[in-house]
Structures are given as structure tokens and as C-alpha cells.
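I'd like to ask you about the structure that follows.
Letters A, B, C and D mark the chains in the order given here, with residues in each chain numbered from 1 onward.
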Amino acid sequence: MSDPARADAQAVSGYSADEMMSVAASRLLDDRTVCFVGIGLPSEAANLARLIHAPNAVLIYESGTIGTRPDVLPLSIGDGELADTARTVVSVPEMFRYWLQGGRIDVGFLGAAQIDRWGNINTTVIGPYDKPRTRLPGAGGAPEIATSSGRVYVILRQSPRAFVEELDFVTSLGGGPRRQGLAVPGAGPQKLITDLGILEPHPETGELTLTALHPGATVEQAKAKTGWALQVADRLTETPVPSAQELEVLRALKKRTAEAHSGDV
Amino acid sequence: MHLEEAVRRFVKDGQSLSLEGFTHLIPHAAGHEIIRQGRRDLTLYRMTPDLIYDQMIGMGCVRKLVFSWGGNPGVGSLHRFRDAVEQGWPQPLEIREHSHAAMANAYEAGAANLPFAVFRGYLGTDHQKHNPDIRRIACPYTGEELACVPSIRPDVAVIHAQQADREGNVLLWGIVGVQKEAVLAARHAIVTVEEIVDDLDAAPNAMVLPAWTLAAVCEVPNGAHPSYAHGYYKRHNRFYTQWDPVARERDSFRDWMQRYVMDCRDFGETWSRLQEDGHV
Amino acid sequence: MHLEEAVRRFVKDGQSLSLEGFTHLIPHAAGHEIIRQGRRDLTLYRMTPDLIYDQMIGMGCVRKLVFSWGGNPGVGSLHRFRDAVEQGWPQPLEIREHSHAAMANAYEAGAANLPFAVFRGYLGTDHQKHNPDIRRIACPYTGEELACVPSIRPDVAVIHAQQADREGNVLLWGIVGVQKEAVLAARHAIVTVEEIVDDLDAAPNAMVLPAWTLAAVCEVPNGAHPSYAHGYYKRHNRFYTQWDPVARERDSFRDWMQRYVMDCRDFGETWSRLQEDGHV
Amino acid sequence: MSDPARADAQAVSGYSADEMMSVAASRLLDDRTVCFVGIGLPSEAANLARLIHAPNAVLIYESGTIGTRPDVLPLSIGDGELADTARTVVSVPEMFRYWLQGGRIDVGFLGAAQIDRWGNINTTVIGPYDKPRTRLPGAGGAPEIATSSGRVYVILRQSPRAFVEELDFVTSLGGGPRRQGLAVPGAGPQKLITDLGILEPHPETGELTLTALHPGATVEQAKAKTGWALQVADRLTETPVPSAQELEVLRALKKRTAEAHSGDV
């Protein structure tokens, strides 16, 4: 580990909001956690955690790869790299039956297209279902990741188009009123990591509430980029800036990834 | 068997088909052959419809799509799929939408010759509003409510694998997805393979599909391209990226399909043209 | 972890246990340890109870047995099992009897964290008359009647495997039975292995149980004897034959158990005595 | 193939009723048939068929071995020899779900402790279930083999104790009245091969009827060894005697088997 003071000095000298977001998300993943990893930002954060402070985190992708340790980030959920570096590869039915539904997952790590104040997620359609303005890819594994994982983390850049008052389609379940009375095994979304800060469910209402701001971000910014009346915690913490090590490892990972994926057959 | 013959013998208009592959081993060459033979009115199943389904939809082969995630992985939308859903071009596309868990369980139940699958799913989501296939069933012992879906039992399953031996036994490895389930759930199964070998030399408990479970085995090297075949070639990521602008416009899409599929005798010719034009 | 400690920590009186193994990899050493520690009032699950369950029953560990085929394969009856069922010695044995299909499906459902399993089974048989767990369920789509059974979710699963690495990841191969399902269905799993190795060197898609799914991994060479461990040693058929007269009489059975289990510190000592006496 | 006349001459010179039974059973298995094989007599007959006239028969044992070609007969259903010589080995849940229930089996080949005139089988108890005179091993795979296989062959030595008027317990289903109204996928028992002859279901009543006698056996013997009033077909055929090849291969197989299983660890 490098000297923290020096590291901070280096770090502050320049990092992007996206880097802060990935670093903040990565810190939430403890060592030895079993994490069901979505492709894209969740995969970036989970692997960063694994490379920094959680070497024994168990990363599982829905393509059937268990305990995978990719050297470069996968572009798709089923890249060969995930199989090559996995402890074992199982079939997709087994993945969803024995491992996710089996209750073996501590943390489900998801991305999203849209989210509401309860952590409900939409990745299906914008507009009416039968005549959509935008047809999104659909559910994938999210509906059952959201309910069968012990808890759920979501990572998503904040914007009024993404953080909406009402979803056109609930692809996967959050907390709040919708969850009432449903026998959901898991605790649902416990962290929403954005490029501005971190939201957590209010202990009483379950509404996602701003509990941490990243350095430089303001409550006003966060409110402006949220499509509902954002609640702010009484005690708002500031996310520590990325350390030199965090930035170095993240940038190296992304560099390796870009190089690997630009390649041909 | 030659792929042209396999498709001609086993794939008919109006049937239900699964061309499966979870990023890995996607049967592109077989999809091209179905397009080339002009099959129409198909119901397609697939957990992760991507480029080959986009092509089949854009070429007017498909009436209905049952799926759980449709996209160009790491790139963006399937433009032909969206055009069909949003604009009805070249024809309206009926969709029936699931989660991965539902589809995986439905294939598993299909392989097990059961009429339906039971699982913990769809809690608090909107899928049921738009998909009447999704229902609830009570556990006869605990009274617990669980989700259920009809099993998937397609007329024809089509997959790509790494190897077959001369008897037609097939071996696949790496990310195996729902391919075994799709094959065993279907009435007929067509398998394209990278290579026919003398001896599969399969590890104990490897995934082997015995010859007698398959309708046809066809040697088609590179038949999964631009997807990959573990141990043979990597995923052609650049192709996926370059597909995006091609598929975005109807004309450029049709031109591409004309040159690389419709005007080709078989996948070998497709491959030659892709090489000629510097795409591979 | 030492097997003595693993059993002491995870196996308690009154629990439900699965010691699984389908002819292959039967966890005899672990069964002996449970007998030695004097566990009582156990509910045992097993598709194919054989010698080790016969021993556990004869030594008074077992209150209830859920099973689908009980015998000494290729030899004959389990005499201690029969004595318990027919004469109530050393104590009455409650039995709940299934078919293999039912048990296999019940384990599969247990691993999948479902409360029950659906399958095509028990048509026209008498099992339902004597086993209230067997019920019928209607398909919500077709109305078809299918069989169902509660899933198996034991407190502890115990299996034997060929290898573990130093982190405790376990590899097994050959006839793998329902062992993976038993482990994943249970609250805790104890695995004995032939050997701890530096690198499992597992084939793609091999059956690997990650360390974090297991409560304890214990190195016990020959721990499946007289069953076999593929790649290590063959089934000791002569032992099975010779067990028949030993188990036939209560006294000869007790004497054998005293000498080879109760008077031994661990399985290593059992093995030494078997060698000493020319049994192995 | 040896000369048939000479073969017959050799064969008649001496073979046992058990050998005749195994040979007669083996002849019923066609090449390329997919056969789910019970341990013991069915396994002997099925492997004999494979070694003689059905080299491409696919033998499947419930332990998960598919397309197995054992050099010696297995003593247990899960002998290592079955795995070593198999095309592939699957888990037991997969075997029962995808392969047997999946409708992939042409012929289920079973043994039995007791059978009745409809082909119902008992391998569970003699006497009352709760206070049995003899506790038998139980069902194993039989109940679902009997119903999910395309058709069923049973092989069993004939005796009044085994061929009974009424079973104390129906472990697996035959034809006849019990089968009425049940949605059974398969056709049920189509052949019952004994040491005296072959029984087949009557085309109208479904009752197992003597349709063939092995050389030397008589209708009177068959009736005497049957616990119900045995029906005899109008056209009773005689089983051809074992050929020299059949006997030679069977005896070599049993010799190899005895040698292999007498061995120690």
C-alpha cells in the first residue's frame, strides 16, 4: 500500500466522476463476498474491488462462470476470458437454479436504464409497452438477481432521465410499497452508487436517500439530476477521494481492456 | 450432412426454433442458411437474441420472438429488432418477454419433458401484465406461491459446438449456456461444429451430446463467427461494433445481407467474401 | 479440518443427514466417525442405502430413513436394516420410501431452494398408500396431473470426493450421483477427499464444489472403502460379499463394529486394523 | 458367423436354462435401440446383445452412464467399468429428468422379485407393508422406467413364488386394469422372458400369455411354475436354441466377470 497522504495528493490532482463512481462502488464489496455481477459498470467495480482489497471476493456472472478472475473486463456477459479464469463453469439453468435461486449470492450488483425512488429498475421499455418510444434490451437476469441475492447494489449515472418519478415498466423490484407483502428472500437495493454520491434506503420509509456525496459534488447538483424530490440524510458523509492505488489499478484495468477488445478475431 | 440439406430437411415455415448460444458458440452460419432458404413465419426462442436474430428478423423470417435480453452486447441496440417492434418493419413482430431465470427454467423443463417449470421469480415486476404465460402456483406442502412458466419445447434446436466425432457425437466446453437443454427439449436438433475429429477425447463428465439425440451434425468451420468457439477462435468484438451502423438503416442492412448471405452459396462463401473485404 | 472435528462441530443428535454416493465415492469413513461419536435420533436420506447406513442403523444412530433402494449391491439384503424394519432392533426404524426418480428430483429441488419437485412418476404404484409425502399436482397450462414430492434439504450433507486444493475447492469425477445436489441442498456440507493437491487441474465444466459452499473439507485417504474412488482404487467387491455373514447376526455385527470402528481413534486406525487382519 | 447347423448341434449338446433365458432375452434387443438397463439379468442380456448382434445398442444405467460398453458385467449399478467405457456420464438427477423422463429410452429392461399376470412388479415387500415377512430392497428406478420407457422387457425365472396371483405391493406398473385411465407415456411390459419361455400381453386383454417355449420346456411346466392360471397362446412358437456363438460369448463374458469381481481392492 502506498502512503495515504501522498496517494490522496496524487489522486485529487485529477480523476473523473466516472472513476470516482467505480471506486466508490468497489469499496462496498468486502473480501470473501459472493457477488453476482452485471455486465458493464458493476463488472468494472467488482473487479476493481477484487484487484484491490477483496482478492477473495467470488465473482459470478450469469453465463455460468463461478469464481472468475478476468484479467480484462468482459465486453459481453459470456466472454471467453470469464470461462478461462473461472473456478468452474456451470450451465445457465444450473446458475439460475442452484446458485442464484439457491440463495448462494451475498450481493447482486446491477446496472440499470432507469430507477425510481424505491430502487425499482426499468431496463425494458420507455413509453407504452405495446408502442414503445424506446425498446430497451429487457430483463436479462435482473428480476431474480434483485430478489434472490442477499442484498443488491445498483450503479448508475445520475440524470433526470434515469432517476425518474415513475417507471414505464418495472423490470426488477426495489424496496418500498411494491415490496410490501411479497415474500422476497433478499433485502433488495441497499446501495445506489452514482457519479455524484451514494443513496441508501431510509431506515423507516425505505426511500432511497442521499447519504454520501463524492468530493466536489453538491446536494443541489444531486437534486437537479434526480427526477423526484430527492431526500437527503441528516448526516451526509463525503466519499474519500480515490487513492493513487485505486486509480492506478482502475486505469490499468481499463487500458488492458481497451487493448484486448480492439483486437480482431 | 451438409448444412444446406439439414436446414432444408428439418426447418419448415411456421415452426418454432431455438438457435441458442450464450455469447459463446452462437450458430451464425446456421442462421444464415435459414435466411437464405427463405423460411417464414417462424417463432424464435432465445435467451439472448443478438446479431443473428436481428438478421433473421430484418429479413422477414420471424413472426414471434420469445426472449429475455435482446441487444448487441457491449455495443447497444438491435436495430432490426427495434424497427420491427417500434415500426413493424419489415413486418410486425410479436414478442413474449421473460427473465433469464424463466427462460433457463423453461428450457430445463422442456429437456425434462415437463409441461411447465416452477421457480422463484417475477416478484413485483410488470412482466405478468404483458405476458400471460407467467403464472403463479402454490406449493402443495407449504402453500408458498411460486412463479411458473410453460416449458420450451421447440420444433428444432440449432446449436454450434466445437467438435464431433465420425459417429456424430458432439462435444462442447466452456460457457455451455442452455444448449444441452435446447437440444434435448426440441423435436429435432441440428448441430454445426468447428471440426470433425477421430476421437473426442472428452474429459469425464464433459458435455457430450450422443449422436442418437441429434438430427444432423454439420462441419462448418468458423460457423459461430462473430461469436467465438472456445479453443478455436476469439469473439470478434470489432465485428459487433461495426454491425451497429450497418443495421441502423434498412438499406445498408439489406445490402449487407444481400452480399454476405443471399448471394452466397453457403457459409464458406460468406467467409471468403468477409475475408476479401477485409472484415475478418 | 480433521474429520473428528468436522463431525463434532456440524453433526448433532436429531438432525437430518445425507451421506450420498451412488455406488461410487460413498463416505464410509465419515459414517464411521458419526457412529463413533454416538450420534442418535438421526433422519437419514439416501437414494441407495448400503453398508454404511446398515452400520449406522445397526449401531442405533437412526430414527428414520428416507430412501429409494436399500441393499448390498450384487450380494443381497442389508441385514441390520431388515432387522430394524422387521424386528425393531436395536430400535424401530421409521421408513419413508420413494423411487429413485423421486429422490433425485427432490435433491435437485433442494439444491434449487424450491419447496417441492414436480416429475412424471409413481403412476399406478402403491407408494402413495404408504408415503403421504407423495402427492399430485396439476399443470396450470395443460391440466395434466404430475407427481410431486417435498424437496430434500438436510441439515448436513456428507460426501467423499477425489481431490481438494489447499483452499478447499473440491473436485469429483466419474459417477457423480446426486452429490452436488446433496451438498447444495444442505445447510452444511462435510467433504472427505482422497487427497489434497496443489492444483485441481480441473477440465472445463468439471464438477467443482467451491470452498465457500462447504463447511469442512477433510483429507481421508481410502475414506470411501469398500466403495471406490475413480482414479484411486476400485470397488472392494470381496468386502461386500464378506459383509453379508458379519451383518447377518447381531453379535457378529457388534463385534465387528467394536473392533473396526468403536475401538479406533479414527479411520486411519480402522484401515490399519483392516490391513492387520488381512481384509484389505 | 459360424455355420448354423453346426452351431445348433454344439449348442444342443449342453446349455443351461439360465443361459437359454439370457440368450432369448438378448435377441429381443435390436441394434441401435436405446436401452435403460437394470442390474443383474437385464444387464447380462443387454450386454450379450451388444456383443453379438446389436453393436450399436445404446446401454444406459441409472447411475448416469450413457452409451456404456463394459468389458465385464457390473456387480453394482455404479461400477467404475460403466463410467470408463461410457460415451458420457451425467448426474443422477439429469439421468432421471432429461433422459428417462425426457422420453429418450426405447426399452426399459427390468428384473423383478415378483410379477403378476399384468406385468405389475413387486420389489418392495412380501407380506404387509408395515410388518413385512421379507423386506426387499425397494423401488430403485423401476417405477419410472416402467412408465417412461417406450416399452418394457422383464426377465425373471419362473416359479410360483415369483409369478403370483396377487402382489403384496405394486412397485412398478404393468398393463391391464391398473393401467386403465392413467396417462402413461410408454407401452409397458411387452415381453416377459423366463427360463421356460416368453410371455407377451394378450392383444385384447393385456394379460401376459405364454407365446414361446424354450426347447425342452413344456406348457405343463410353465403352468406349474406360475401362480395364476397361465394363459397360453394359440400359436406357441419354440425359441431357437442358443447358437455356438451366443453361448461362447455369454460364457466368456461371465468368465471375465467372475474373474474381475473376485479380485481385491
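By definition in this document, a residue touches a chain if its C-beta (ideal position, glycine included) is under 8 Å from a C-beta of that chain, and two chains touch if they have at least 3 such contacts.
Computed from a prediction, not measured in an experiment: that's the story for all the values here.
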Show which chains lie in contact with subunit B and also with subunit D. C
Between A-C and A-B, flag the pair that has more C-beta pairs in contact. A-B
Report the inter-chain centroid distance for subunit A and subunit D in whole angstrom, where each centroid is the mean of the CA atoms. 58
Averaged over CA atoms, how far is the centre of subunit B from the centre of subunit C? Could you give it in whole Å? 40
CA centroid of subunit A to CA centroid of subunit B, Å: 29
Hey, what residues on subunit C touch two or more of the other chains? 112-114, 119-120, 144, 174, 176, 180-181, 204-207, 230
Which residues belonging to subunit A are in contact with no fewer than two other chains? 83, 89, 97, 101
Between which chains is there touch? A-B, A-C, B-C, B-D, C-D
Please output the residues of subunit D touching subunit B within their complex, sorted ascending. 32, 34, 58, 66-67, 83, 87-90, 97-98, 101-104
Subunit C contact footprint on subunit B (complex, rising order): 112-116, 118-120, 135, 137, 139-142, 144, 146, 148, 150, 173-174, 176, 203-207, 230
Subunit C-facing residues of subunit D, complex: 39-40, 62-65, 75-80, 82-83, 89, 91-93, 95-97, 100-101, 120, 124, 129-132, 135, 137-144, 147-148, 169-173, 178-179, 182-185, 261-265
Contact residues on subunit C for subunit A in the complex? 111-114, 169, 180-181, 184, 202, 204-208, 210, 212-213
The subunit C residues in contact with subunit D across the complex are 22-24, 47-48, 67-71, 73-74, 77, 81-82, 85-86, 97-101, 104-105, 107-108, 119-127, 129-130, 144-145, 174-178, 180-181, 225, 228, 230, 233-238, 240, 280
